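Let me begin by presenting the structure, written as structure tokens, before commenting on it.
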Amino acid sequence: MLEIRGLTAGYGRLAALKSVDLVVHTGEIVFVVGPNGAGKSTLLKTISGLMAPTGGTLAFNGEAIAGQPPEKLCRKGLALVPEGRSIFRTLTVQENLLLGGMIRKDKEEAAADLERVLETFPILKARYRGVAGHLSGGEQQQLAIARAILQRPSLMMIDEPSLGLAPLVIDQVYESLRQLNAGGLTLLVVEQSTARILDLASRIYVLRNGHVALEGAASDLADGHALEDAYFGYGERQTTHA
Amino acid sequence: MSRPSKERLEARGVAVAFGGIRALSGVDLELRRGEVLGLIGPNGAGKTTMVNVLSGFQRPTSGSISLDGVDVSKLTARKIAQAGVGRSFQAARLFRAMTVEQNLSVAAIGSGLSLKAARERALEILDWMGLAKKADNRCDSLSYGDERRVSIARALALQPSFALLDEPASGMNDAECEALMEVIAELPARFGCGVLLIEHNMKVIMGVCQRIHVLDGGQSLAEGSPQDIQKNPAVRRAYLGEKAADSTLAI
Amino acid sequence: EEPIKIGFAIAESGWLSNYDSAPFKAAVMKIEEINKAGGLLGRQIEYSVMDTKTEQARAATVGAQLVDSGVDMLVVSCDYDFGAPSALAAKQAGKIAFSLCAADPKMGVQGVGPLAFTANSAAQSEGIAIAEYGNKKMNLKSVYVLEDLTIEYNKSACAGFRAAWTASAGAETILGNDTFKNDDPSIASQITRLKGLATQPDAVFVCSFTPGGASAVRQLRAAGIDLPILANTAMVDNYWLNAVPGLKDFYLPAFMSLYGDDPRPEMNTFLESHKARYGEPPVSSYSVLGYSLIEQWAYAVEQAKTTESEAVVGVMNAFKDQPFTAGPTSFTDQLHIQVDRPWLIMKVENDSFRAVEVYRNSFKPDMKLLFRVGQ
Amino acid sequence: MKSGTMSFATIGRFWFPVLALVIPLAIIVVVTGQFGGLSIQRTVIEMLISIVIVVGLYVFVGNSGIISFGHATFMAIAAYASAWQTCCEMLKPITMSGLPPFLRDQSIPLLPSAVVSVLLAGGAAFLTGLVIIRLTGLAASISTLAVLFILNVVYSNWDSVTMGSASIVGLPTYVTAWLALGCAVFAIVVAYLYQVSAFGLAIRATREDEVAAAASGISLYWSRLIAFTLSGFMVGLGGVLQAHYLGTVSINSFFLSFTFLALAMLIVGGMGSLGGAVVGVVVITAMVDIFRRLEGGISIGGEQWSLPAGTQELIIAAFMLLILVFRKDGIMAGREMTLPGQEQREKGLING
Amino acid sequence: MANIVQVLVDAIALGSLYALVALAIGLVFGVMRLVNFAQADYITIGAYALVVPTASVTPPLLLGALPSALMIGSVLVVVMALALLTERVAFRPLRNSNPSTLLISSFAVSYFLQNLVMLIHTGRPKSVGIGQGLANAVEIGGVRVPGVQLLTMVVTAGLLVALVLFLKKTPLGIQMRAAAENFQMARLLGMPANRVIALAFAISGLLGGAVSLLLTIQTGTLDLRMGLMPVVYAFFATVIGGMGSLPGAALGGFLVGVASVLLQTYLPADLRPFRDAGVFMMVILILLVRPQGLIVTSAAKERV
């Protein structure tokens, strides 16, 4: 579904991504982990069209998408929940959610999705007509995820979904991601910590210093040592993946 | 470094309502000098609101705040800060165009120091937190983790009797969390202050708090030692979930 | 022989250029006429122009630059505020500064110095002329005064009007005063006050200038106020009449008529020469002041037989109804502006100004009125 | 870092941002004084006066981040005060009859009158500030605009004291290039010392984040009021200089177009730094002067060539837009002048 | 007493003119945090489009010569195009700059346009006689209402309602507010965010064109600075009304207009020259009492 080869990107003179290769197959849940400043957020921003890559290729469903604007990619089925609660603070919760489903043609299904999402995140229902900017940190994060779900994308990218969420809610969020995935949604998720993801991930990439330091199937990484080594930069790039 | 003198920061029967939304209803909380008190609870439980009330950014609808028995509910945020209540924010809110050292100096000046003394204190704190190398960096060039550390350091530069930290570990990876835990655990001894710690990362909470206060839906749900809280079925149901509770129990 | 040099420190851009450009062209025309006739004191006149850009700081600078370049006389902008900085530069070098059409008596001995003159009449004189004319010739018994406070010129014209009207008809026949600002989008409340008067006046005096004055007249007429309207000179010339199609009963004092019906032949000659020189009549009737300015100075230089300032000023200060194109001209060592030069009263008819008659005011403003002391 | 042990290099580094501004200005004055014509010398004086004004404006606007439209008010107050004290003894009793007798009937020596005028401007700024600095952000900006309008209305209609909207003409013109340079240097030094002081640090924090500043024990109100008052004094000085350079004072020259021009200079240079304020004045003054000359006409290879009158303004406006579009934070982008090599460290303002 | 009613009508009429301008200023501010001073020049240029561009002081009519429906339409289109052009050239590249930079850029645009008009038309005021019939007053129960002012009131009320409904209720309106607040996020959700924001400028141009026509019919004159004071008043109006709230902007417009007329009417003659000072003091007072403005939308309150 998503195929990235030799991707480079940066801010001014700073190279944040130095030749990244990454593949997401249809139906997978792929996790990207790595320390602060590794380039995880930059990677998602570049895929979604918020940043122009300086080199390499990006293909989505076989089509080269590098340089296309985000509004176009969105219509092709790509959704991004950016780092740090990019909700519309001055709009109401309702309006925020409405904007999620805005470009969808299937209005009836969209309405049903809305019902479902409000059930998953009851707090959004309680604050439905309130201003989104007044929500608590975790509530805002839930709103951002809910809105992305309403986009009904084919590939959803989430930057640190657990940020600021209560433990119980993290469980709920991951549970609903799992369900969505079972329903056919492909996921590319960035996380800080590796603790919770092993049982959910199809594959995991460890990004460090703008490089892929490790990639592999979750099952192969389950013991955790290789993962930790890659994470903190002991040893060279390795592929446990056959 | 002169030591803070206040002993107790107390909230009595604090209620906050936004229109129909009751963010807090009748919460009692006491923070003592020298301890680390955890404040946890589900999203929207009212934790940030509580910190806002304690630091003077939110007038309580009813109830009162007192410092060593003196009512400070009517004071402005600045006066409360000067009286010895420092805080950090859920979003770092650094002075972005200024250097790290200047961020701390501002708070030190706010606590009444001269420019020179303020700078000395700032460097001292940065040194202790391992940020000395970054002292002259502008804050808009910091990584996320460093931003969070600077925002804690800035709260400390005020030389507070009480430091209120709102999710300091959010967005940090496991190793960084551990480093942060060491810092927080050392605060009472080093700065002589009481710490109120809001965090969703249970490892951090369980690792450094002597006492934990749980909020749910604007009300106190429980208070006690980490062990008690972890075992408390109501807390498990409302907040921790079985998974998190078990995984942290293992520590 | 060395040519005589005249410097023009005037606005070629900015809003003041509208006022400066027409008299400037006429001044150039007069210079050319003199040169063709053999020059002044047998010497040709050269002139140079610098743009003040309607800025006071620029006006001071270009004034200084022109004086520095050795001009014998400095012509300055049509406005006291913007002419004075240049005139001060001339004063410091001991040169005469002559304003194209400032209507403020301060453009003279008291406001700049004994070497400063203006070719215009005092704004007060406009108000006086139309007040007397209205009361004495048009038989108006009462008036209402609508004063535009935006610039001092209007305040002076209104002050002159009130003084002269009071002198000839009594203060009680001024039924009311009201004020507005030139850029007010609406004068509805002023109209309401006027209409609410117990007795309606015989006429309304509007001291203003375009565009605000035109807008006020339009709104008065649109509100159904058909009283005669008296105005000051700044409202002269046809260009704004589109704003009030079918305007009638509108009177003001003017320098001259641009429409060929001026009763004074010298004005029509001036008009013809202007058409011959520039292919069109002057854009504004202020034009003749620029022409006459050169005429007055050149005459004084001829008399003094030198361009030396002291001598020339001496001659000019002795002018007593000296006949020039713009009309009889008088200066004294105290007053370098006209206070009772005859005016051409004009009225609007068929969408054009028409000459009515030449009228000379009998009420003479004293210094207090001219400087609006204790008003 | 005791002052006794402060090395020459440290002092040099501390003062570098000031020296890097002041020395070129002094060179400009010397060179144009020796070789320039009258018009260029006058342009230089105007530029130096603008520096006093824009640096004064910067002290509040730059440090607090709040745009003020009201500073021309304090200039006007100082300029008029100075005119009342020193101008035109002959005309004063006639045209400004409403003045109190001690002003109306005599002139006051230049230096004391200048000092009094500047103090008056600062006092007016302090009183205005007491009221409106409670407001933040746009509400504060709008209030300063309202103050500007109020003063304009009052001074243009208070005929017996201000001569209404007419100019007061004939002030003694004592402002030379050297005096203007002295005042500009003074303004730059004062602004610099202020911004590196504790007050300066505090107010810059409020500019970055009001909430966090309050949580750090900083008073928004007092830190801004101090800056507002200080900048009131400084633009007051600019007003006095302007009045005694032109020899005329008129209320309309302290109104919107002047305010816009001063703000434009500040923002084109970059309102985040003292260097930006000075550079903005120099660049805009130079641009205006160059295009004014082109409008006046120059000869290229014997051909007389000139721009049509009025194009200068168009070009300046377009130039300003270009700078804003390509350098959002102005030419200096919030940086001070730094020694080569110091740049990469992304230092903030304080190097001491 | 007919007189008091008359004064009120005068006041409301002026208020609605300011309110109309304030709507345009408020709308663009809401979308870009831009206080657009160039709105003054939109108004001016819309009015100047009625006549042939020439230095002559008595220019023939251009758009003003068209039949009225066409004339109205074409003036609106001209001003809308101008607003879009300035957005594209000057404001779009500055998106996300701080409000002061945006404000200064709008000064620059305004300065440019004003000097352009001056270069083409000269600075001399001109006059146009359009809509003479509308300018005439109609008497309603002893109260005199000039046709233009009646029209202004109707147009303002209509546009206020339409705009509020548009922004609150239509998807496009919600998109506009969303794009205004977080441009990148709006794009991520598939909005053509540039076009959405440009639309806000087009609407401000439409409002500007309407003001051009109403002002010209009222005053019959064209002047370089004709748009300035209405925009300055509108600027005050939007702030005292509450930035970010369109009904607030309109309310503010009414307040300054009404205050101006009431002061003009009821001040004693020797204080009347100081009328405007009274209006501006009222602005400061309102802000001191309600720093956020009269109508504070809950969205405007930031939480810590």
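For reference, chains read A, B, C, D and E in written order, and residue numbers begin at 1 within each chain.
In this text, a residue touches a chain if its C-beta (ideal position, glycine included) is under 8 Å from a C-beta of that chain, and two chains touch if they have at least 3 such contacts.
Heads up on the chains, UniProt names are A, B = ABC transporter ATP-binding protein; D, E = Branched-chain amino acid ABC transporter permease.
No experiment lies behind these values; they were computed from the predicted model shown.
Taken together, chain B and chain D share the touching chains E.
The greatest centre-to-centre gap from chain D, using C-alpha centroids, is found for A. Centroid distances from chain E, each centroid being the mean of CA atoms, peak for B. Chain geometry summary: the mean Cα position of chain A and that of chain D are 51 Å apart. Per-chain CA centroids place chain B at a distance of 75 Å from chain C. One finds 36 Å separating the Cα centroids of chain C and chain E. Counting partner chains per residue, chain D has residues 157, 211, 310, 313 touching two or more of them. Contacts with at least two other chains are made by residues 48, 57, 89 of chain B. Residues of chain C in contact with two or more other chains: 13, 17, 149. Screening every pair of chains for touch gives A-B, A-E, B-D, B-E, C-D, C-E, D-E. Touching chain B in their complex are the following residues of chain A: 35-37, 84, 123, 127, 130, 134-139, 141-142, 160, 163-171, 192-195, 231-232.
Within the complex formed with chain D, the residues of chain B that make contact are 55, 57, 76-78, 81-82, 86-87, 89, 93-99, 102-103, 105-107, 109-112, 114-116, 118, 136-138, 141, 154-155, 157-158.
The touching residues of chain B, counted against chain A in their complex, run 18, 21, 41-45, 47-49, 90-91, 143-146, 167, 170-176, 200, 202, 238-241, 243-245, 247. In the complex of the two chains, the chain E residues touching chain C come out as 3, 6-7, 10-11, 13-14, 17, 57-58, 118, 122-129, 132, 135-137, 144, 146, 149, 215, 218-226, 228-230, 261, 264-265, 269, 272-273, 276.
Considering their complex, residues 48, 52, 57-58, 89 of chain B touch chain E.
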